[in-house]
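A single structure is presented below for examination.
As written, the chain order gives the labels A, B, C, D, E and F, with residue 1 at the start of each chain.
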Amino acid sequence: MDAGARNAALSALLLGLFAMVGTGLVALTHALTRERIAASERAVLERALHAVMPPWRHDNDLLADRIAVTDPELLGTRRPVTVYRARRGGRPVGVVLTPEAPDGYNGRIRLIVGIYADGTLAGVRVLAHQETPGLGDAIEAEKSDWILGFTGKSLGKPPLERWRVRRDGGDFDQFTGATITPRAVVKAVRNALIYFRHHREALFAAPASGEGEEEAS
Amino acid sequence: MSVPAVHPFHGGLVLEGHKRISTRHPVVPARLPERLVVPLQQHIGAPAEPVVQVGERVLKGQPIARPRGYVSAAVHAPSSGTVAAIEARPVPHPSGLAAPCIVIETDGEERWRWREDQRPDWRTLGPEALRERVREAGIVGMGGAGFPTHVKLNPGAGRAIHTLVINGAECEPYITCDDMLMREHAPAVVAGAQVMQRILGARRILIGIESDKPEAREALSEAVRAAGADDIRVVSVPARYPSGGERQLIHLLTGLEVPSEGLPADIGVVCQNAATAAAVLRAVTELEPLISRIVTVTGAGVAEPRNLEVLVGTPFADVIDQAGGYTDEAVRLIVGGPMMGFAVAHDEVPVTKTVNCLLVAGRGEVEPARDPLPCIRCGACVEACPARLLPQQLYWYARAKDFDRVQDYRLFDCIECGCCAAVCPSRIPLVDYYRYAKSEIWALEREREKAARARRRHEARLARLERERAEREARQRARRERATDAAARKAAVAEALARAGARRSGSAEARRHEGSEGG
Amino acid sequence: MSEYLLILVSTVLVNNFVLVKFLGLCPFMGVSRKVETATGMGLATTFVLTLSSVCSYLVSEYLLEPLGLEYLRTIAFILVIAVVVQLTEVIVHKTSPLLYNVLGIFLPLITTNCAVLGVALLNAQTEHGLVESALYGFGAAVGFSLVLALFAAVRERLAAADVPVPFQGAAIALVTAGLMSLAFMGFAGMVRG
Amino acid sequence: MSRWRDIAAEGLWRNNPGLVQLLGLCPLLAVTSSVVNGLGLGLATTATLVVSGLTVSAVRGLVRPEIRIPVFVLVIACTVTIIELLMSAWLHDLYKVLGIFIPLIVTNCAIMGRAEAFASRNPVPAAVLDGLMMGLGFTGVLVALGALRELAGHGTLLDHAELLLGPLGEGLRLEIIQGYRGFLVAVLPPGAFIGLGLLIALKNVIDTRRGRRSVAVPVHAHGHGSA
Amino acid sequence: MIAAVVALGAVAAVSGALLGYAAVRFRVESDPIVDQIESLLPQTQCGQCGFAGCRPYAEAIARGEADINRCPPGGEHTIRALADLLGRDPKPLDPERGAEKPPSVAVIDERLCIGCTKCIQACPVDAIVGAAKQMHTIIAAECTGCELCIPPCPVDCIHMEPVPVDLDNWRWPYPEARTENLA
Amino acid sequence: MRRFETATSPHLPPRDSVPALMRRVLYALAPGAALQAWHFGWGVVVQLLLAAALALAAEAAVLVLRRRPARRALADGSVLVTAALLALALPPYAPWWLTTVAVLSAVVLAKHLYGGLGYNPFNPAMVGYVVALIAFPRELTQWPAPHALAAPPGLDMALGLIFGGAQLPDALTAATPLDHVRTGLAMNRTLTELGAEPVMGRFGGKGWEWVAGGYLAGGLWLAWRRAIDWRIPSAFAAGLALPAMVAWGLDPDGHPSPLFHLLSGGAMLGAFFIATDPVTAATTPRGRLLYGAGAGLLTFLIRTFGGYPDGVAFAVLLMNMAAPTLDQLTRPRAFGEGR
């Protein structure tokens, strides 16, 4: 028993010592890299946002100027959706929404949609999806240009009833052998535009929440 | 007599019998050969020990080798003559090896050892005495393995036997020796069974016969009726191989399953072959040892297939000669039937107590050399296996030499009936793999025992060396002390000197010892 | 309730830790030569994984996060795991020699099973609560044990196969694992996220 | 000196952690969908092996047996965390791609195995060299498997080199097979397993050709003379 | 930073204490694996493995210092059994250690023996009997076939003879499937 | 002394052989294959021939590389069964390179890396199919419309489609019944609506139900000839139909009928020809029941909840994986063994 206690104390001491030295080093590294890591993380977010909202169009910090909204009907998810607001000289330039397409072939497709204040699309990208590789994954900008085709479109251009894939009588291409994925994406983007049309004023007026989920990671 | 219901077993095969070809002639005794080659081991257990010398004259029926231990059997001279040699000769065994045999030059006189009339009625003898007669007669099971019959007739105190099963199934194709015996000597079979019933104290006797032997069944039923025994039943079982397997037959007749790794006696049953029963009767009534048996000689490879009563030790060549000799067809000489028998490379091999059939197969009767494909796990073997095993798994693990797994899959419940290999579309010699695995496992067992013994001896040696070293040191110490004692008695002045001297001589002694040990 | 069921189905089948997520592969390859040992390993891992995901959760929730030390997660978790493993060993040894015979030799190996640390890290990353963490760990371990046991049975069978010489041993085992993960792709899309 | 050469041969080929010891399989299979990912993780692992080898060897006299393992674990975990922080700061994109497999270097059995079997019994220089060689051997396998899968899967090599090299890597992508349709299975999980199986078979073929089969004995400093 | 050091130091100290305590409290005394390994070795005690006998070799395996393929008398079967026990892949016998030979026993040519007892001292299992200056014999049943008695004999009168195959020790041969290439 | 050949027991002449068994399977496939060719055109025939040629070539190549006698292994016919089943599972107008990849995966990867006939734990044809499905999902969804909807391509067009790199024109394609139902349900349409569409037939899909009937007939013949164990197809059908029945009973508009399940996609081919591959299935009697039932159930689950319209291939591979374990768990009680 006695031996046990002494042994325990010795082990504790030694291991504790090692831990403290090790942790000291780690903590030191952390202190030295903290800034840089934060900057890198920020850069990643900004890069995603800038893909759908060109940086030269606005002068505010998108990451700081954001709110969270909820609209299961039009934004495709019950969870709060982050909206980043772009302004130039304080005037609204556009918003970046992160809606979801709930009816992808293999589940939800998370999108990031940039819309100018006039309702034109600044850009659309896919954040995450589980569509079939080689079939539905052509919605990634890496795999094909299809998603870039949204830029410049708006609710009137093409008219609302032609916001469908070609097979359903719309203006958007589908992929050979895969209609469902593009159909879901087109519908989600269209809904995002509708949402924006309904809520534009409110979106820009709401006070920035600052804290919140960082959606674009 | 009403026929009791039979309880079918799983698997098995319906095979073409080919029995007719050898039942056309009655059984006749075979000629006495010039030379009888009598193996010392014709049974399971320890080989017998010769009690005659080369050059010695022997009489028919005289013991020439005595059992070595309980599970062993005596061997008797099948005829009178001179012992010409005691040496290794080829014996009927799948290995094709030679084994110790006593070679007797026959004199043609067939002189018996004794022909007195001390033949008491067996009904007056007690079980012990009867069993002793069976033992002295060197009787071993004639239906297959050749297990010493007196051992089987002594199931031990704890195991009361209620049923004696007489195995007249003769389920293998081609073989008809038991059939002929039962046709021609049904009363002897019945009486022999009654002797064994008495020895065992069994309540009843069940005689199982396959349905394709109506003549034998008739003869036996007649004999039972004549004997007036109402505790004997002759039961017809379906002709489905291997209904003659001990476990299968017992199940067919009684519905009981012999426990795996157990004996029939565990469930109160003893099973004996019909020929064994006849031999037992001869032993107790005529005091005649087991020196001859009926052998079926058949197949497209012999001219006149038939059954012969053959002396143990007669070379196959002589026997086949008396069945008309070979035809051009003859390609394979099989000891036993086509399902379980083994082929021998030549015919200079003697008949033993367990050789029931010489099948000289023609080209079309046997499969040419097997050229197996891999197992496709079709499961045909599973359907066929009467032991309800998974032959393909056994094969798989035996092939991989995974001897633990193969035993998990109950290798030792396999009766080597060959049903699995017979149906295998890939033509895999499955049973060979099981035999291989079994013999490896036995060999490993022997090796393990040997290793354990070697280890004990090695450890004992190390301990001995250690002890010797300790003793040596103790001796030295003792000597040193003795020297000191002696010195103490001397004058005080001499004391120191003496002690120094003693120490010097002691250490020199020790050094010398170390030197001799290091070498 | 159905949400918990979903976690289980997802971790056991759809996102099987070994075949889909690539965690715990060393024991998967190393301890799958015999079914018995594989089962033992599965049992031991299931126990440790469940327990350690709970402990990791507690350390993370009540120690690291309040202090803002998330960056020390890896170190803290691995220590917790090492201790859980060793204490399990000790307790099993003390309370049930029989169980110890079965599991004993596997326990030390679990510390370096990256599924264990992986579960802890993923729990922290996806901000699972206590019950979810435990379930997630349990599901992961069951998935691990399941494929480990099946794999071991397949490998036992391969022992007798006429595999081309260069592929004998590890190579064919990996090909087999590959075909297993091919089969597991059939579960893709079963749990919509 | 043959001892050094021996240590190198052990790590790089004869006792290669990925191909022979089958350790560290998780990262090996998980991140090798491309050459760049494989290289990145390989280098991180090598760094860990070297540093942990050095530390473990240096403190080997101090450590009591019952806490040997926890101490090694601690040393390795601290090393990995530092590397993780550094990568997160300077190679953030790669860090994101490799994800959980960077912290999981901690449980890479190869590292623990080397700490136990080699570093804890050998002087510092040998331990460092062993760590380096084991690490390079491991990296070699990661790169080879990455190359195999990337080539079969996409027909390219060194795609996304910028993740590792920054702007320098921008143009390094090699389109080896023009107009290749892609063979997705190679970059999905089954491709990882089967690819590694093929590499091991290839090594077996090479070893047989060279007239000796690999020996998978755990090496120790002594014994095991150069074969 | 201080918080980090303190917090983790505390975690580690607690762990260390637990482990240290456990190490003493629940120490495992013997190493059963050595016994298990030894029970698989053939006990020929020939030293071909490079160790002074089977036990030392077993200890070396348990310490991880020797590979499992060094015992020629045990041959393939022993390697398999060891691989099974230790969860490794079986491998061919190390050719540097010698080849698997059929079992054999030593025989002393009794006409030549001068009774020097050298062989007795060499035999690891005391399978040789005889006193000084008298003829020596080998108890065949106890001889393990280790060949250790051969070199010491000054008159070279010991030789090895393979154990003859008879019905008792005959083994059914491995059925040679055509496509066989198992080791 | 006369000498004789030696051999071991049993000595009886053979009753059955592997090549004969494989031939029987090929005959049994014929009615279904013929119906498939009738409904979907020459492509079926071309694929069958192409796959057979490739498979024989691949097997011969491997055997030569391994220095094994090639003649006998090729003559056992097993590779032709693999090729036929694979060809019948692939879309009839899949390009030649796709068929090549699938056949090589089947024959080299799934079969010969394990040592060839009898040693492979996974069904080669299904490995080939799944590799193709995962690598080239687009091509694998391109099924032609059955005869009843559009005249299938002629021989020259079939050759052009398969070897010439042409694409099946949109007018000639149609979603497979399973795909149709799956996507329809995903779009919140009801089965009543979906059933009214032209691709749907009386029980399954138009044309497809006939093909399934052909396989059923061939399969029953096989079972009657005892070339396959009745347990596997029966259990497969039960494993698929029972849960389908429950789902259908609860929500007839959201789940297709059990009959539809049985008569569409690969169900019949799977039940009688694929799940029954003796090499990769369980071998104990009870194991086979569980194996078949498991494959059926998994097929239902993957069809209903999974990402693929038909789950037969995955279900079979998953059960292949479980087969050795099933065998161990369902070892029958040996004669005389305690209960």
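Here, a contact is a pair of C-beta atoms (placed from the backbone, for glycine too) under 8 Å apart; a residue touches a chain by one contact, two chains touch by 3 or more.
Note that this is a predicted model, so its numbers are computed, not measured.
With steps allowed only between chains in touch, the distance from chain A over to chain E comes to 1.
Taking the mean of C-alpha positions as each chain's centre, the chain lying farthest from the centre of chain E is A.
Counted by C-beta pairs in contact, the busier of D-F and A-D is A-D.
Ranked by separation of Cα centres from chain D, the top chain is B.
Once the centre of each chain is set as its mean CA position, chain D and chain E turn out to be 36 Å apart. Mean C-alpha position of chain E lies 53 Å from that of chain F. Taken residue by residue, chain D touches two or more other chains at 64, 66-67, 70, 74, 77-78, 81, 85, 182, 184-185, 188, 190, 194, whereas all remaining positions touch fewer.
Shared interface positions of chain B, defined as residues touching 2 or more other chains, are 94, 371, 374, 399-400, 429, 432. Residue positions 8, 109, 115-116, 119, 131, 134-136, 307, 327 of chain F each touch two or more of the other chains. The residues of chain F lying in touch with chain A in their complex are 134-139, 141-142, 167, 183, 186-187, 307.
Here chain C touches chain D in the complex through residues 19-26, 28-30, 71-75, 78-79, 82-83, 108, 111-114, 116-118, 121-122, 125, 165-168, 170-175, 177-179, 181-182, 184-185, going by the rule given at the top. The touching residues of chain A, counted against chain E in their complex, run 3-5, 7-20, 22-24, 26-28, 30-31.
Interface residues of chain C, counted against chain A in their complex, comprise 71-72, 75, 79, 188-189, 192-193.
On the chain B side of its complex with chain E, the touching residues are 41, 91, 93-95, 97, 99, 371-372, 374, 399-401, 404, 428-429, 432-433, 435-436, 438-440, 443-444, 446-447, 450-455, 457-458, 460-461, 464.
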